[in-house]
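The letters A, B, C and D name the chains in turn, as written, and every chain counts its residues from 1.
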Amino acid sequence: MKKFINKPDDFVRESLEGLAAAHPDLVKVHYDPTFVYRADAPVNGKVAIISGGGSGHEPMHTGFVGMGMLDAACPGEVFTSPTPDQMLEAAKKVDGGAGILYIVKNYSGDIMNFEMATELARTDGIRVLSILIDDDVAVKDSLYTQGRRGVGTTVLAEKICGAAAQQGYDLQRLADLCRRVNLNGRSMGIALTSCTVPAKGTPTFELGHDEMEIGIGIHGEPGRQRLSVKSADEMTEMLALSMIEDSPYSRTMREWDENQGEWVDVELIDPLLEQGDKLLAFVNSMGGTPISELYIVYRKLAEICEKKGLQIVRNLIGPYITSLDMQGCSITLLKLDDEMIQLWDAPVKTTSLRWGV
Amino acid sequence: MKKFINKPDDFVRESLEGLAAAHPDLVKVHYDPTFVYRADAPVNGKVAIISGGGSGHEPMHTGFVGMGMLDAACPGEVFTSPTPDQMLEAAKKVDGGAGILYIVKNYSGDIMNFEMATELARTDGIRVLSILIDDDVAVKDSLYTQGRRGVGTTVLAEKICGAAAQQGYDLQRLADLCRRVNLNGRSMGIALTSCTVPAKGTPTFELGHDEMEIGIGIHGEPGRQRLSVKSADEMTEMLALSMIEDSPYSRTMREWDENQGEWVDVELIDPLLEQGDKLLAFVNSMGGTPISELYIVYRKLAEICEKKGLQIVRNLIGPYITSLDMQGCSITLLKLDDEMIQLWDAPVKTTSLRWGV
Amino acid sequence: MLTKEQILQWLQTFAAQIEQNKDYLTELDAAIGDADHGMNMDRGFKKVILQLPTVADKDIGSILKTVSMTLISSVGGASGPLYGTLFLQASTVVAGQQELSDNDVHQMLKAGLNGVLQRGKAQLGDKTMVDVLSPAVSAFQQALSEGNNILEAMQQAVTAAEQGMKDTTPLVAKKGRASYLGERSIGHQDPGATSSYLMLKSLLTVLESSLG
Amino acid sequence: MLTKEQILQWLQTFAAQIEQNKDYLTELDAAIGDADHGMNMDRGFKKVILQLPTVADKDIGSILKTVSMTLISSVGGASGPLYGTLFLQASTVVAGQQELSDNDVHQMLKAGLNGVLQRGKAQLGDKTMVDVLSPAVSAFQQALSEGNNILEAMQQAVTAAEQGMKDTTPLVAKKGRASYLGERSIGHQDPGATSSYLMLKSLLTVLESSLG
């Protein structure tokens, strides 16, 4: 393994120290428990948004802390969800009195840790709602699995909800918006190489010189299928069609009922993509794929969407939700409404996503 | 070779088509000869800035076209400097009547092609000045080599000069500023892996599992020295000290004399770095190194600069001048004055660098 | 009967087992997960070992609660809340006690299993740690009810645990990360089941060395 | 004497040689440069071959000028302006001519070499195409002055070119990308020198097949 790290055990900590050193105007880092928070937190009267998850997906989430996006991010060890005390302490630090929205990716570890954090926050008198992101269409059924994974839509939900919080949405309205973004988002990814987890030191899986994994998540786990590599156009088509032709996905999700103070099951179904829909197209590098290749993917994606009568009205292209040094790419298609468009365009000032200010 | 490309020969073209499709509000692309230009070009009365070079360094230069940075970028084939007709046509397209500044990296190919373009522009009645960037301290002497290569400082010069042009600097003042940025910038890079040029299909050089190349350029060429890999802190220290302890570098550069209509030799010497200097620290990924590792490098770099009495007052961290999919990183230290700081902070709106707007 | 010293020895033995099998557990997780289970558990139990001296003179309930809190705040991932809840629920049924009767031990193990079931919602056959814990607790109870002593009961529990662990190999995972692999999760032993087996085997080791 | 047809054959032969040696030239460039010389030259000469029919009925000067313009606008890199200038300067001394005397050929080659020297500022021994062109032009002139015919002169030029090409191997590069390697450029043959050798050898092939 060749990486710019010192000891594998110090990877997360030292990377955060670098982040803090580089951007003291934007973020601060608290250690033990570890979380990154807006330098100007708490913002009085604003709902605070907290996300988190395993490290190794940078810039998500730590790079998205700042005005118009996250109030705090809780990084776990590499690919390991953070612990409830991190989330609880972060909530205490950034709570501006209007409550906290946890944006959680649908992994058993993340869910269980955030559930515990939600319960703990409540006993500490902090209002918390929690929304799960599960947008990865590679996972087909929800009955026999943990359900879809949370991937690219997470970034978009954080941006859109971050803008809404900044504009004064209250906690319930924000949670509803976040759920809506999730239901309208779909993702699918391909790996050309495995990533290498620093503590392990060798690639998580081995891919032959002409093989690719399709339907991967973001944790270096193998995908659903191993195929021989194809052209950029063919790979793009596989990804795009798996989303565009995705049949309605229904699942039961647990959400926190503030009034009853307990977890309740809610039935959720994705709206289908239809001709004339406006989309945000997000072409994402898994970390090791350069932007020049992402544009080749985008080129074909735009062509396919046009053919299908889908209108790409916004896009995001770059490495935003990664798997360490993995070569590969994922596409996220988010069906937009006018409210989401306005919120997407709103100013954002974080270390890794910035415009309008 | 596994990449998101179709045919290697179409790599550059299709990547540009994707760029154009993604950002029609910001840039347009002209083909045959190929150049990317500001969607609102020409900007009347403003000096236009044109850069260019081989492709494979994205986002540089094509991702830096837009308000407050470049007016046009001329991409060559991968790692192959573009041709004079590209530069000439781009100049005609973006000339707002106040002349053109070519920002050129110091490679024999780039120099020769831009020299021809300068001569051609003159015969077409367009005022052109041309400044060379040669900031790579890995190249030690200028007598026995082509001289230092142009690397990371190029990005910084394009941003700073772009802002100055936007603020109304005239051509001569802009050229003087660009020369000053170059003289104050130093860079040094390390490769952990080779990149793979699409048309070749195999890595340009082979590195063992525990080897690194130090003093690399940005074209996948081997560096000055091959060493066994070290910790991030040690690698950062090697890079940083080679710049901080760099002795004064003097060289003869050819610049275009507008009045005489010919090339003249100018003697240029870098100012030394001194205690108390204000710096812009630029930690750059070669394409395949994720941002989490760049922050580990930045962490140590900040520590070293502090110890040496150098003040980092601005920074830039990310993949901005790359070598396709190479894993590695480079550091650029630019000594700043107040004028440069103000120009760095000025709004910029390009596809890959954006703030303040 | 299980004394407080034996409980402490158990935790130490388990921590040592985890350290020893760290890479093995991670390799198992690499095949069908994200290559961190060994690291996660080891990080947690290293912290536990540091905490133990501070509570060694407290009751067993307090000790197990400290283990739980330490795991919850240091392991993360799926195994953190699961093992954390296991020890939390186990601690509640032995609160205040300095030693445990054979039945206490059974109640403790059962409470731990129930904690895992509650937190993780996995069922038997989902290819998780439940596939080890559940048959082991049943075997333990069965053995006790047939009049065996704690050592014998634990031997049978560990035999059932080992079988349960091995039986995860042909299963399709339905919970946790491995579930994303669908059919491709077949043929690999579940890492969490493996660490749970080590936990029970560590308890047996302590019993054998005390009584043997 | 060299006819217009022979000039056209030369360009075609050279283009074919480049295509055939594309990977070889690129490999040479990978060792001490950026792995594109074969691709660069091939891209340019494929365009040249497309252009040739449009100027085949013009004079030699016009043909060479078209070659030059085509190379300049399609090769890029260092070799584009260098070969472009070579053919540009060569074209000026044979402007308007339909055939070339032996001395015209010498003037043409010398003008080409001077173009490269002017544009690239390399000196003999800098490990560039100059190390092939310069000794070849000298040998050609020497052979003519000793009364040899053009075929014999060209044979000696190519012998000198081949020697110059091989002699680049032990040199430290002082121009172009290879110069960044310093001492590490030793032991590798220069790609541009190699393509220049192919250019001269192609001319010899044409002469041999016409006269032989």
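What we mean here is this: a contact is a pair of C-beta atoms (placed from the backbone, for glycine too) under 8 Å apart; a residue touches a chain by one contact, two chains touch by 3 or more.
Source: prediction; values computed, not measured.
Visitor: Whole-Å distance, chain B centre to chain D centre, using C-alpha means?
Guide: 32
Visitor: If you average the CA atoms of chain C and of chain D, how many Å lie between those two points?
Guide: 76
Visitor: How far is the middle of chain B from the middle of chain C, if each middle is the mean of its Cα atoms, in Å?
Guide: Here chain B and chain C have centroids separated by 56 Å.
Visitor: Considering chain C alone, which of its residues make contact with at least two other chains?
Guide: Not one residue of chain C touches more than one other chain, so the list is empty.
Visitor: Which label fits the chain touch graph of this model best, line, ring, star, complete or other?
Guide: line
Visitor: Could you run through all the chain pairs that touch each other?
Guide: A-B, A-C, B-D
Visitor: Residue numbers of chain C touching chain A in their complex, please.
Guide: Its residues touching chain A are 26, 30, 32-36, 39-40, 43, 72-82, 119-120, 172-177, 179-182, 184.
Visitor: What does chain A use to touch chain B in their complex?
Guide: Residues of chain A touching chain B: 2-7, 11, 14-19, 21-22, 55-56, 58-59, 63, 192-193, 209-210, 212, 229, 231-233, 235-236, 287-299, 302, 315, 317-319, 322, 324-325, 327, 329, 352, 354-357.
Visitor: Taking the complex as given, what residues does chain B use to touch chain D?
Guide: Against chain D, the touching part of chain B is residues 33, 54, 76-85, 107-109, 112-113, 115-116, 138-140, 144-146, 149, 197, 199-200, 204-205, 217, 219-222, 224.
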